[in-house]
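One structure, as structure tokens, below. Some questions next.
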């Protein structure tokens, strides 16, 4: 089975998710700069989600370069990941409209947690069909970043009802952790090319 | 004629269908968890449709790997399938907004039935241009799943006006039937590779 | 310059155009079958536009298979075509909401006319960079269908203010003319393969 | 690392950006031609933005043909560009709804300036991983057009609060500068092919 259609379909879904979030910015009816001010929580919420979807796209891109075979279970593990990510525009809108108060911030974390677990699950399903010394297995390694992210999401959700802004900061922290490019794949792939 | 553009276009349309359904979730104006509760029929309806579009994508992916030639009639048979699937966001929204009552549940089934028949028709058009011992013909076999699904849809539509929840359960049953990965193609393609 | 990105971008835009039209179908608030009845002009309008965008995708697909080289002017001729087609969801919505009365029917034709001229222009720009005995030139031939379509659009626009339903029928006639698969390309490409 | 997924993802995002802008055209409730008249600022605003996104797609297309290698930083430089461009539908809608008055015109320029800087930054990141005599470096040259555009945007933003229509004209001027096809890449790529 070839992986290029799975990549193309995932790219399509991620491109749409990242772009339709912007439909939440309704143009204000007034035409002065002051009318833009109330939009800042929406913009902040959008930028954070853009970052997260961008990170998922980047990681997906890196991961799938090392994938050698695809079966039916992998297709569904990937669709499961896309399902969680497809809920991001909804939680982004709710959080942005409500100025980062408790419930929306917690729900935002729940969807990130769901996506994080779905990604982890997808790597497990992939590993099951790859040899322990395959490129994929070596590049993934122990996947510390993935595990730590899930832990931070869980803490942030618990904190959301008392300290929502701290939860927001923890989400941003996860984004920063991943923004540092994931050199594992580049290193292993480069070593392999030599 | 090459099939990669047809696959790419179909992937694009399916990716958009699966993603715009989420636009139906309007962020509630209240910011407490209780405000999420009324969304459950929408979420259930969305999850079911995500599953169905995912199944169609998976089956399309499997089927087209075995396709060897494309002509003008196949392009239209594929567009016909996409037309029915493009109506899914509408029926999903109507069913989700109305808590799975009779008419929306029946219409949901009508669109699934239309898509099921369109898929079946597409396989017939493809078979007409492939040899009886082609990969495609062997992998499709007698297509029992496809025929059974169409039958279940018809029953579910008839039941919708008296037992709408049973209809919903029948739709879910079809999804489960297909979730079991369609090994026909994998088996035949693998045998062929050997 | 490679043509695959141009094809992929065009596929993306056409896939979105064909799919966002369905957002016009707002789920009615009532949940009985009678609530669907007022939607028929929207459905008819949508089906017609789906057909037209499908035809453009089909023709684009056929045409570009014979294209051998791409330059900057061709990129813009293609974007010009996509611009006109991007207006189709707007005219579709206006015509569907207003039960096919004069002005919306005329505007619908104006956008089809614009797209038809843009397509014709694109073929001219392509021919300018291809030899007279190239596959492309032979397959396009005198492009009678293209010229006739433009003529019919012009007549339909003129008639819209007195006989809007006749205009609609003329639009449908053009669709039928194109639905008959354009064998020119298949024939020439097949002959070439031999 | 392969660049085709980055191209495909960018194509997807740009295709969606260019197409969702058209959702701003709400079909008027009246069905006469006069009802279209108030839409002209939206249409003008849309046409300008279509042009700009088209230009970015064209330039992206040209640039990436000469790219030989991709690393993690390039992926983010590209996502950064897409972020700015994703804001175009919002500024287009605001400017179109408010008849090109000061604040919306200024904000439109700010987003164009952001996109222009992001594009420039992306070329710098790309050059850092390419040899000084690489195809990419030779084709980009001193990138005068890119620098001049940024300068014009800055001037136009400053003018928006006193002469908004002049700002609009300056934006159009930048578009015209880029509409002249960027022959640098075509020339260098052609020379290389020889």
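Every chain is named by a letter (A, B, C and D) in the order it is written, and numbering of its residues begins at 1.
To be clear about the criterion, a residue touches a chain if its C-beta (ideal position, glycine included) is under 8 Å from a C-beta of that chain, and two chains touch if they have at least 3 such contacts.
As the structure is a prediction and not an experimental result, all values here were calculated from the model.
Colleague: Can you work out the rotation angle that lays subunit C over subunit D using Cα coordinates, in steps of 5 degrees?
Modeller: 90
Colleague: Indicate whether more than half of the residue numbers at the subunit B-subunit C interface occur in both copies; give same if so and different if not.
Modeller: The interface is built from different residue numbers on each side, given that under half of them are used by both copies.
Colleague: Between subunit A and subunit B, what distance separates the C-alpha centroids? Give it in angstrom.
Modeller: Those two chain centres are 26 Å apart.
Colleague: With chain centres defined as C-alpha means, what is the inter-centre distance between subunit A and subunit C in Å?
Modeller: 37
Colleague: Which parts of subunit B, given as residue numbers and ranges, touch two or more other chains?
Modeller: 8, 12, 15-16, 20, 23 - these are the residues of subunit B that touch more than one other chain.
Colleague: Could you please specify the touching residues of subunit D with respect to subunit C in the complex?
Modeller: 7-8, 11-12, 14-16, 18-20, 22-23, 25-29, 31-33, 35-36, 47, 50, 54, 57-58, 61-62, 65, 179, 181-183, 186, 189
Colleague: Show me the residue ranges of subunit D that touch subunit A in the complex, using the header's touch definition.
Modeller: Subunit D residues touching subunit A: 1-2, 5-6, 8-9, 12-13, 15-17, 20, 23, 71-73, 75-76, 79, 82-83, 86-87, 89-90, 93-94, 97-98, 101-104, 106-107.
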